[in-house]
Amino acid sequence: MKKIINEPSNVVDEMLDGFVYANGDRVKRIEDTTVIAQKDIQPNKVTLVSGGGSGHEPAHAGFVGKGMLQAAVSGEVFTSPTPDQVFEGIKAADAGEGVFLIIKNYTGDVMNFDMAKELAEAEGINVDYVIVDDDIAVEDSTHTAGKRGVAGTVFVHKILGAAADRGYSLHELKQLAVRLVLNVKSVGVAMTAATVPEVGKPGFTLADDEMEYGVGIHSEPGYKRTAIKSAEKIAAELTAQLKKAFDFQPGQEYALLINGLGATPLMEQYILANDVKKQLSNEAIAIPYKKVGNWMTSLDMNGVSLTMLKLEDDWVELLNHPVSVTDW
Amino acid sequence: MLTAEQTNRWLERFAEKIEANKDYLSELDGIIGDGDHGNNMARGIEEMRKKLQAADPANGSEVLKNASVALLSKIGGAAGPLYGTALLEMSKQMTEADDLSAVVKAGLDGVQKRGKAEEGEKTMVDVFAPVYRELEAGNLTVEAVEDAVEATRELKATKGRASYLGERSIGELDPGAVSIGYLFISLIEEGLTDV
Amino acid sequence: MKKIINEPSNVVDEMLDGFVYANGDRVKRIEDTTVIAQKDIQPNKVTLVSGGGSGHEPAHAGFVGKGMLQAAVSGEVFTSPTPDQVFEGIKAADAGEGVFLIIKNYTGDVMNFDMAKELAEAEGINVDYVIVDDDIAVEDSTHTAGKRGVAGTVFVHKILGAAADRGYSLHELKQLAVRLVLNVKSVGVAMTAATVPEVGKPGFTLADDEMEYGVGIHSEPGYKRTAIKSAEKIAAELTAQLKKAFDFQPGQEYALLINGLGATPLMEQYILANDVKKQLSNEAIAIPYKKVGNWMTSLDMNGVSLTMLKLEDDWVELLNHPVSVTDW
Amino acid sequence: MLTAEQTNRWLERFAEKIEANKDYLSELDGIIGDGDHGNNMARGIEEMRKKLQAADPANGSEVLKNASVALLSKIGGAAGPLYGTALLEMSKQMTEADDLSAVVKAGLDGVQKRGKAEEGEKTMVDVFAPVYRELEAGNLTVEAVEDAVEATRELKATKGRASYLGERSIGELDPGAVSIGYLFISLIEEGLTDV
């Protein structure tokens, strides 16, 4: 295992301290917790909390700051944080107008965030939430009832963050969130599995000439294992999946996210972007917003995912709303 | 109701089994899940030990409640809320009746309410539920628990686990079933099923 | 070779098209060239051009935009661009007040940029330049007379970009650049070598339990090969090298850049940041500016580098000067 | 001065050798450099062929100039400016005198002015310089070129190439020395050293 770490059981704690060391002008760590919170949270606005297992950096701490998340809660690697930690995150974020939770659809995350919500409500904090299940690869996969939550969550963070910054109420955020989740879909491909530090070996094995479509960000099984394909063929497969799931109609507008899973260089992500462009130019749809990079990773997994969000109303504007976070 | 001392013995034996089998549990989880169940449980167990040693509980219910809080705050993932809920519901039930099978039933109900899994979906429920039935029938044995654990091998993970590679999960034990099995085996080995 | 590409000989062209597809609101590709240029360059300011071989993404195209570079010129993978391409970059960037070139110290880059400068001057464009040689790992390494130019170049881009945006003349930029280069030093470590697509295998081989200090961003040899060390030990070694090279004095201020080389997850970079923090806290120096992430990569190399810049005057302010680029 | 036809034959033979040895050149560069020399040269050669076929040059000097521009615009890296400069300076010198050794000397001077390398630093200069001396002495042979190329094997890369792993470079040929060797061998094989 070629990793730049110390004790494998300490990676989350050390990472969070390193994160605050590097970005201490913008964020702080709530003492004795795994919560990274925005400094100087503006009062009188609904605030946003997200999080989940670690290993998806820059998600979620990299999105903490004005215009996006007010707190991010980290669990152990690929393991949902516990309710008390999420509760600490909610308290750190609360600015009096209620707290909105963005949860990825994994059994553990849903249960732990739900219990935290109960704890917060018992203390008089208004909490609402959305569960993101954008991964169209498989239904009912490992760790999840229904579809998994993956890179599309990043669009949800961005748009809800902008809306909260513009003064949306908790109720309005919930309504927007529900519509977002219905309109966001992702699908990915992995060349290699991630290696969890405490496990010390890859979550599954792919031969040197194999790749797998639809693998989850915790190395959950995908929908098809095949010989390594060209970027062109990969783009064709991934966009075909999204096309089928969305049922593209002429005149529709979409936002596009190409997401590196951790070990895939930006060069390859841009090559794929070029092939996605060619695929989508065959469709009578417009892509007024695009983003490429590592946003929702899976440790050192080599692979990429494609996310599309069918745009409604002023969502492009919200995507372009200025933020002050570490990674956007 | 179990005494504080009895409950401590029960959970200490459980803790020893988890620690001895930490790597085994993670390996099982590595095959059909994400390989963290042993580490998750061990983290919770360490905290539980600390909490139980520091506490001065009046009865078994309090011990379970303390353990529940410790596990909930350290396990994380799916197992954390499930163990936390199971122990908390058992703790609550213990204050109301002395019937151990009713206590286990409360835990089972809590797990199912929290996790929405039915029997047959290859989760800890597939051990929890038969254990309750055997207890109620008055013949819970270590073998019965082990059989229930072993029976998860042939189940295909569905709720929360199926996939086109679903066959990956067939032929392997469910890690949460194995770990909850240790909880009930510890109960039996400490001779607490007949008190 | 597990890469998401098409024809290995086409990677640069496709990457550039993908880059423009994703970031076309900000940048354009000059037709029939490998130049990515800023759209709507402000008149009456000195403009900045940089570039070099491809494979270092987001360098250099990711830094094109207001406040940083006005054009980036890409060569083939790990191969300096040709003089005519650099000349095209200079012409694309020129806004009438002169063009400043930021060159990494490799024999090929220096010669090609120098010839481009001659071509531009022959057409009446004022051109000046700086050669960045921040890598303290080795003198006179493969491809370089003297020290190599690596991630410290990114600080030079940022500070000169801000200064140009504030109206520095070509002469003032040159003076600032010379001082920057004297004050910036880097050193890195590699766990694996990069695989150039057209070559198809790693540039050198490290055993499963080996790493090498001081490897260059084109897999040039480093200064020490050793068993894999903990993040703590790596931080100790790298900061010790920088300490020796700078001769830290009480009261000095430095900027710090932790740079992932392509395949190393952010989690590990932050863990290293935490250990660097511990090392530097033993010194009577201040670190008012810090940045962590993938800035000057080496394709899919697994490794990191550490850069420090001894701060003078208002350099922190220039580092914090707002930019509108794809990756900062 | 070489005629256009002669010079085209020279460069075409050179092109064939580069293409046939593209992978070999990159492999050599892979050992002591970054493994791109064969690909760099092949890219340049392809462009050179195109340019030379499209052109209608009056004499050898013009052919070399066209080739120079093509190589300079496509090779990149260190080899691009060096080949571009070498051919450009040779082209210039050819208009002034018919002496081939003076022509080669002009190329050598250009390379050294551009790249600042002396003999003995394991670069193409270590072939260029002895080739010039042999030419001047009137006995340049294929063997002499091959010997010069072979001699780079024992040199330790210094300017631009040394390192703590400098020994990596000992025992291997310098790729640029090999490729420029092809240029001069082509000249000899086309019988142009005695014209």
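Letters A, B, C and D mark the chains as written, and numbering starts fresh at 1 in each.
Definition applied: contacts are C-beta pairs under 8 Å (C-beta built on N, C-alpha and C of every residue); 3 or more make two chains touch, one makes a residue touch a chain.
From a predicted model like this one, the values you see are computed outputs, not experimental measurements.
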Between chain A and chain D, the fewest steps along chains that touch one another: 2
Gap in Å, rounded to a whole number, between the CA centres of chain D and chain B: 76
Whole-Å gap between the CA centroids of chain A and chain C: 29
CA centroid of chain B to CA centroid of chain C, Å: 54
Distance from the mean Cα position of chain D to that of chain C, given in whole angstrom: 31
Where chain B touches two or more other chains at once, by residue number: none
Set of all touching chain pairs, with the criterion as stated earlier: A-B, A-C, C-D
Contact footprint of chain A on chain C as seen in their complex: 2-6, 11, 14-19, 21-23, 54-55, 57-58, 62, 189, 191-192, 208, 211, 228, 230-232, 234, 258, 262-277, 290-294, 297, 299-300, 302, 304, 327
Touching residues (chain side chain B, partner chain A) in the complex: 26, 30, 32-36, 39-40, 43, 72-82, 84, 114-116, 157-166, 168-169
Touching residues (chain side chain C, partner chain D) in the complex: 9, 53, 75-85, 106-108, 111-112, 115, 138-145, 196, 198-199, 203, 214, 218-224
